[in-house]
Amino acid sequence: MPIRILVTGGTFDKEYNELSGQLYFKDTHLSEMLRLGRCRLDVKIRTVMMVDSLEMTDADRALIVQNCAKSPEKRILVTHGTDTMTETAAAVAAAITGKTIVLTGAIIPYAFGSSDGLFNLGSALSFVQVLPPGVYIAMNGKCFAWDRVRKNRERAEFEELPEK
Amino acid sequence: MPIRILVTGGTFDKEYNELSGQLYFKDTHLSEMLRLGRCRLDVKIRTVMMVDSLEMTDADRALIVQNCAKSPEKRILVTHGTDTMTETAAAVAAAITGKTIVLTGAIIPYAFGSSDGLFNLGSALSFVQVLPPGVYIAMNGKCFAWDRVRKNRERAEFEELPEK
Amino acid sequence: MPIRILVTGGTFDKEYNELSGQLYFKDTHLSEMLRLGRCRLDVKIRTVMMVDSLEMTDADRALIVQNCAKSPEKRILVTHGTDTMTETAAAVAAAITGKTIVLTGAIIPYAFGSSDGLFNLGSALSFVQVLPPGVYIAMNGKCFAWDRVRKNRERAEFEELPEK
Amino acid sequence: MPIRILVTGGTFDKEYNELSGQLYFKDTHLSEMLRLGRCRLDVKIRTVMMVDSLEMTDADRALIVQNCAKSPEKRILVTHGTDTMTETAAAVAAAITGKTIVLTGAIIPYAFGSSDGLFNLGSALSFVQVLPPGVYIAMNGKCFAWDRVRKNRERAEFEELPEK
């Protein structure tokens, strides 16, 4: 069961630029993280973009949707900044059916020793293998339907919304 | 949905004893790992034992089975050494029905910077939430039915056995 | 031989703010770093300020000089941002005699797994114990007289200036 | 001022063998540690042996002495297990004059996240640059003359012996 991983940036992949003292994007850490986790799944990684999700445009979201659509794999993991993760999930859900698509990210960059990234990656890769078609967000060890979740910015965690 | 975590030791929780220069067990790292992963699941941790799985006896296995049986939670995660993880899984499967029980562990101790433990914990906690009742082993990003898996000792990874 | 450590901030002590996604200062990591290094020196830590050295004012520098002056210890370590470390060293050298004062810092924050901070701290604490009175900068494993060094910003390292 | 680094093993360089679950020696981490510390000193690394210092023989010590003797560099750092570091220091001191030789090591392996190795390396490399000829042990942020120090095994730290 091949899994497609689409990398879009986010805190997950932020690094420290020692020349400027700022955080920035260089390359994704996904391959290194999968090696560390000794993951033996059949995954194909594609870096779609490397952006802060606060700066993600509609065109960026359209590109992510397009990548989900054309992927032959039925199971897709999207790494994404947490600030607008639910917006991208909604855009994907509006356009794609018949695939299991899980978005995940991190609150602390992987390059920091104290990142939640490896935990979230293990979690998201597991949910994407067993959940039925649909769009989900995997954070904090939980999995939420795309339209039943929001980021609580004061607590930097995701929480379930009541059913409509 | 409360989840019971039963800690039994294994590589997961091995630490370096600076006085003797040997690896040993002190306390479990489970709480620290859940905090790092920013896990917000309702989990209850119980340390059943802290042993190397190569030294696990039939009495130890009986104690693990007993803890699975008396746990009111229907979803149980067992952290365990990798060397005899399949044996304990078999003992649990022979005695327990109607619960989802996932065993996981690590190839490298969590206290080492390069551990696979956090990835495996995120993975196992996710599988245990969504799989139907049964006994499973979650390692290498995969989830195996307890009677369809073995540890490949040359590669230090778990692999699926052909269906009987 | 007691050693005074004056903390002024700098990359050394920057942390990741998970709510804003920015780097910021909370508390100094000096005590934790000394514990990790198993340092058994008689040190007294005083946090004078927590600022980015690019934002350090003349008043800030005067405060650092004043702390060096009034410290009864003859051996003083100052942790400092690298960008204006040489300016503060010059201010200290213009005002203080009869004490061994070593400035050090880091190119990567300590909270990142890949920091040079622990190496630099071990280095600076060693130089400050054995060098004669004067003002020095300890970076990159080397120790420079305060008026014979500059930061090479393209390489993010310190280099010796030719003797005048 | 070139510095010779002689690697002999010790806790410094122990790694976790994921197949056996034991600690063992593979390659030295010295180059990686110097890179992490952004060390810009002119150092030449030579791996003389990779052994646990409890298993070090007289022949091993003779080989270390011989390497110190034939090294053209006048400043030499020896990485060494802590358990018999003072014995090797005595052997070197009995045979070599006119060179500054500093032994150092670690209480926790570098491959563990919590190692004191990087701190000790920064410290020892600094002492070796400025101390007069002689044989020293650099541990716990301090530098001891070879005949004035012992390892306190209950506390896993080095302490000064009273002058004879």
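The first chain written gets the first letter, and so on, giving A, B, C and D; residue counts start at 1 in each chain.
One rule holds for everything that comes next: a residue touches a chain if its C-beta (ideal position, glycine included) is under 8 Å from a C-beta of that chain, and two chains touch if they have at least 3 such contacts.
Note that the structure is predicted; figures quoted are calculated from it, not measured.
Trainee: Note down the smallest number of touching-chain steps it takes to go from chain B to chain C.
Mentor: 2
Trainee: Which chains are in contact with both chain C and chain D?
Mentor: Output, common partners of chain C and chain D: nil, no chain qualifies.
Trainee: Give, as an integer number of Å, the spacing between the C-alpha centres of chain B and chain A.
Mentor: From the centre of chain A to the centre of chain B is 26 Å.
Trainee: CA centre of chain B versus CA centre of chain D: separation in Å?
Mentor: Centre-to-centre distance between chain B and chain D: 39 Å.
Trainee: Find the geometric centre of each of chain A and chain D from their Cα atoms only, then give the gap between the two centres in Å, rounded to an integer.
Mentor: Here the centre of chain D sits 45 Å away from the centre of chain A.
Trainee: For chain C, write out the residues touching at least two other chains, lowest number first.
Mentor: Where chain C meets two or more other chains at a single residue, that happens at 107, 113-114, 156.
Trainee: Can you list every touching chain pair?
Mentor: Inter-chain contacts occur between A-B, A-C, B-D, C-D.
Trainee: Can you list the chain C residues touching chain D in their complex?
Mentor: 33-34, 36-41, 107, 113-116, 118-127, 129-131, 138-143, 156-158
Trainee: Along chain C, where are the residues that touch chain A in the complex?
Mentor: Listed in rising order, the residues of chain C that touch chain A are 11, 16, 18-19, 21-23, 52, 54, 83, 107-109, 111-114, 153-154, 156.
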